[in-house]
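To keep things clear, I will list the structure first and then write my remarks on it.
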Amino acid sequence: MTVSPMAGDGAVESRFGMTELDDLPDDLRERIGAIAAKSGFVPNIFRALGHRPAELRAFLDYHDALMDPPARPDPPARPDPPAGGDSGSSSSGLTKAERELVVVATSAANHCLYCIVAHGAILRIRSKDPQLADRVAANPWQVELTDRSRVIVDLALALTRTPELFGDADIAKARDAGLTDDEIWDVGAITALFAASNRLAHLTALQPNPEFYLMGRNPRS
Amino acid sequence: MTVSPMAGDGAVESRFGMTELDDLPDDLRERIGAIAAKSGFVPNIFRALGHRPAELRAFLDYHDALMDPPARPDPPARPDPPAGGDSGSSSSGLTKAERELVVVATSAANHCLYCIVAHGAILRIRSKDPQLADRVAANPWQVELTDRSRVIVDLALALTRTPELFGDADIAKARDAGLTDDEIWDVGAITALFAASNRLAHLTALQPNPEFYLMGRNPRS
Amino acid sequence: MTVSPMAGDGAVESRFGMTELDDLPDDLRERIGAIAAKSGFVPNIFRALGHRPAELRAFLDYHDALMDPPARPDPPARPDPPAGGDSGSSSSGLTKAERELVVVATSAANHCLYCIVAHGAILRIRSKDPQLADRVAANPWQVELTDRSRVIVDLALALTRTPELFGDADIAKARDAGLTDDEIWDVGAITALFAASNRLAHLTALQPNPEFYLMGRNPRS
Amino acid sequence: MTVSPMAGDGAVESRFGMTELDDLPDDLRERIGAIAAKSGFVPNIFRALGHRPAELRAFLDYHDALMDPPARPDPPARPDPPAGGDSGSSSSGLTKAERELVVVATSAANHCLYCIVAHGAILRIRSKDPQLADRVAANPWQVELTDRSRVIVDLALALTRTPELFGDADIAKARDAGLTDDEIWDVGAITALFAASNRLAHLTALQPNPEFYLMGRNPRS
Amino acid sequence: MTVSPMAGDGAVESRFGMTELDDLPDDLRERIGAIAAKSGFVPNIFRALGHRPAELRAFLDYHDALMDPPARPDPPARPDPPAGGDSGSSSSGLTKAERELVVVATSAANHCLYCIVAHGAILRIRSKDPQLADRVAANPWQVELTDRSRVIVDLALALTRTPELFGDADIAKARDAGLTDDEIWDVGAITALFAASNRLAHLTALQPNPEFYLMGRNPRS
Amino acid sequence: MTVSPMAGDGAVESRFGMTELDDLPDDLRERIGAIAAKSGFVPNIFRALGHRPAELRAFLDYHDALMDPPARPDPPARPDPPAGGDSGSSSSGLTKAERELVVVATSAANHCLYCIVAHGAILRIRSKDPQLADRVAANPWQVELTDRSRVIVDLALALTRTPELFGDADIAKARDAGLTDDEIWDVGAITALFAASNRLAHLTALQPNPEFYLMGRNPRS
């Protein structure tokens, strides 16, 4: 983390220490190594969770099942074309950009520094929109979005901060706007996973890698 | 679910349908079958998540890593004897009863019907206290607890509803009260996992199995 | 109260001491004695309020006027049959089960341990539904109810936590759903009375009698 | 009520109609008639509750037990002289002005028009301070008060809006500041009673009598 | 300020001291002197802000632009006659009484003692309704108002406490009710200005001049 | 604004239209022209407020008085060296970087898109820290800061969202941490001004100029 005169000494990346790649079990070292090779650095979340390999492994599995699902063999017809510039392999349901949109919106409502900055970077890349992440992070409730994106974000926000009020009315709004039950599940399950992720980051006072702040800000890059 | 004249027709156990044991992949059928054999029924959460096997598998792995950890070979000395009547195999860190206490407290703060009733039953059994779960569920903030239990619950509650305010002061209170960093992690990580679980239950309007309501209410049973 | 290893020593039933039946003025001793004879124990609320006989007497009078009203000579026709299994003597307005439903819902929103447990027991008996009270207590906002019960609970909740926002819109919803003005008054007045009761229980840290936890859980009993 | 061009037609004093003095049962007509004779008008709350005589009677009894308690034969010594200009007959515990202070503070936190205006008038008279009621009503949390008055108001406010958080810490602060348990009970019980009163006024959209707005504003009168 | 036995010594009108008229720069002395000549006293807000003349000057300019706008040469036709008894010179847009209504409503939601009392006095005078200010201050959300006044107040309240939720729906409601965009701007901009004013008064613990409490209470005066 | 597939058509920069530089009165055209010459574009806030020149002029004057104060002739000694990399001309009180820190923190708490993005850019430049603005915007309550910066931000946050609770305790914390009364005023007054600015931006749905998103992200630039 950049050392800043106003921001404290910046020496602490996580409240409970970090585990380096070499100290992880083989499967995790390989798996996270592949991510690091692609992005050029090891995202701090993996180092912060590394001393509890079973938890880290389950977290990664859950994350991949929701954020990086395999292309489905039998894509249902969908009249609405996918929003965003996502060219990912998901052949049905939410686009990868929409999945990141859910993450940034729910993390913004939970004021989670790590997730806003890290997934904001991924949202910039997936959506090919260099401003969208900052705009959603500032105010997910009222940021201007397409109708489909607004319905997705509203569903996520309803579940994020007052889950006890979530109910049939929220589901009905999403269905009326054309979301399939599979898409509603995706939005709800991603919101649930990041309810956990956000709290792990708050628990550990996790700092984003410096690289995340700049990724995807230049549409050409 | 019991059909009640005031409670609607009770026909719906979950908003998006249920997957029966026989329709699960082999590993999940075997794993959940073992739980069902022990408790006498398939907890509804597994049937509600079953149509997404990868997510269910990761959820189970995460749950087991935190709620049913293996005995550790090298237990650190701990001056405070474990509270509660837990005779489980965990040889260090939080007792199993304390882990369930965290679940009931955070689920109460999130008003999650399934988790309060299902984990309330487990808390009655683990703590050998037939009233504790109802008391924590009614008011986790002020229910009378031992000092150690109070610190654990306060830490969980701080992270549950206003995670953006969670910080060094919360950690310091827990440490000052004698919690180890490993125990603080356990409390925080269980709170995070059930921030997700609670929202999955709200998403699916999940109903508790009728058996949970009565389990452990008679201290002799 | 049961002494529990996780729950503190359990020696204190109320923050300001208890008054035994024999120390009450004659009229109150007789009146509360009759309740005790019927239920087999003196509900703790009476012992906690007993050192202020004038307040206890007014509280009892108010309670009886709303929760145990006499059969009315002139029952208005009502198209909707009463919900719940109530076989009480009230010949019009809310059934006794519905009155207890209002109490449990408003006490749940106020997180009042005594009222949730004590009136939860009565609701189980009045509704002949052994799960309803636990379900309403966990989440009164979204628990599945019949349409009439939902309207009643929504009206009570609107007045419970944000009374400054209560207004014509809430009244109109209740009337549109078929509640008479007399029934709306009952819901509102019971909510008001338990706004007071809940706070008296919080003031005194009142503990429920152990008997309440188990009453009515077996539909046959 | 004064008809005002900006305030609607002002024709409705209460949502469910008013009962005139002559239509009340004898005991209530006599009792409220005595109040009306003293103040020059029938306070609207009595007319609004009049069609339910049993409830009105219990409400009046509760009110009088807390707001107009008889002089006690055996006043305990109290080192702190009573605050306020109260020359009432209460020989121990809270002064009558302090009781009204609790009412105005809790009613302000609940934004109850009737109680703020009606009891604001009584507070002006009891405290002989023509500004105090308006100041407390505007901001009970931070209005400048004597130390004793501040402790009383803080105790009431803690119980008013978030009763689930009320606990030993609030009691300890009040005791540390010199309040006796009897005085703490008075503050808590008055707060509880007006939690009910405020909600009855919100339920009925009760309007204050015009006379209340001006009473006690001139210190000479 | 009147010294009151229950209200502390009343010696402090503002947390950071007061600047007297004679110590202000010429232009401010003249401008505020004119106000003082009209009302008979120097409103405390000017004395509290006086040691920062540039800020006071900008505050006054902003205030006058919104609260005391010049008559416009080209008044647009408006089918709705202005509500309230305002006979001021504003020939279009909100009446002066409506502007003060916005101030009292937003200050009530922010619990700002100075602004409620000082602008409450002005609202009494502008509206010729001696009760309106007390009624709005007690509960701006539900006070009975004409339809037009209710729309104006709802718009102000939406922006006051949860500005992040303010959006197209609020604008649409105001337009549907007949407010012009110019009037919507006025409501929003006055709300914004008093979001600042209220906080300056909270910052300085500013006390209202005693004269404000009584101004305009007698409709004849 | 960049047109983005997920973000709507992006055609609207402000809800009530924009006024171009050439259509402003001479003094404002000159004043804002100077700003535009320096930054290379006309910040959208000036175009959004431009059709009300008197309000825009007062807003600019207030802004400049607080955010760009002249060097003071008589700087009081201050033991704490100024935090941040600010090399601005202010010779006492808060540094310019600290003033922008207050703006970003309060705007983050109010979820104001325009102010977070525009003043975030300025904070990056003033603090010479390219990450600080994103970190404060994500979570002003818990972002790691130097002790002095933390006190400043805490003071601003206390006044931003719950001004009714702001009081002597907040002032005492700031003074105990070494802030002078002049600095406390600056923090409070800037917070107040941006309580207004944030609401003007919410009122107009104001969009940041695209340039702001990238300014100051490269520490060399």
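In this document, chain identifiers A, B, C, D, E and F correspond to the written order of the chains, with residue numbering beginning at 1 in each.
Heads up, the rule we're going with is that a residue touches a chain if its C-beta (ideal position, glycine included) is under 8 Å from a C-beta of that chain, and two chains touch if they have at least 3 such contacts.
The structure presented is a predicted model; accordingly, all values stated were derived computationally and were not measured.
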{"item": "Chain E and chain B - chains in contact with each", "value": "A, C, D, F"}
{"item": "Furthest chain, CA centroid comparison against chain D", "value": "A"}
{"item": "Most remote chain, CA-based centroid, reference being chain C", "value": "F"}
{"item": "Turn needed to bring chain A onto chain F - CA fit, degrees, nearest 5", "value": "180"}
{"item": "Rounded Å distance between chain D and chain E, as computed from the means of their C-alpha atoms", "value": "29"}
{"item": "Centroid spacing, where centroids are CA-atom means, of chain A and chain E in whole angstrom", "value": "45"}
{"item": "Where chain D touches two or more other chains, by residue", "value": "111-112, 139, 141-142, 164, 166-167, 202, 205"}
{"item": "Touch-based graph of the chains, sorted into line, ring, star, complete or other", "value": "other"}
{"item": "Full enumeration of touching chain pairs", "value": "A-B, A-C, A-E, A-F, B-C, B-D, B-F, C-D, C-E, D-E, D-F, E-F"}
{"item": "Contact footprint of chain D on chain E as seen in their complex", "value": "1-2, 4-8, 10, 12, 83-85, 97-98, 101, 108, 111-113, 116-117, 127-132, 134-135, 137-139, 141-146, 149, 202, 205, 207, 210, 213-214, 217"}
{"item": "Parts of chain E lying in touch with chain F, wherever the complex brings them together", "value": "15-16, 52, 54-55, 57-59, 61-62, 64-66, 110-112, 159, 163-164, 166-168, 171, 181, 185, 188-189, 191-193, 195-200, 202-203, 205"}
{"item": "Of all residues in chain E, those that touch chain C in their complex", "value": "139, 141-142"}
{"item": "Of chain D, residues touching chain B in the complex", "value": "164-167"}
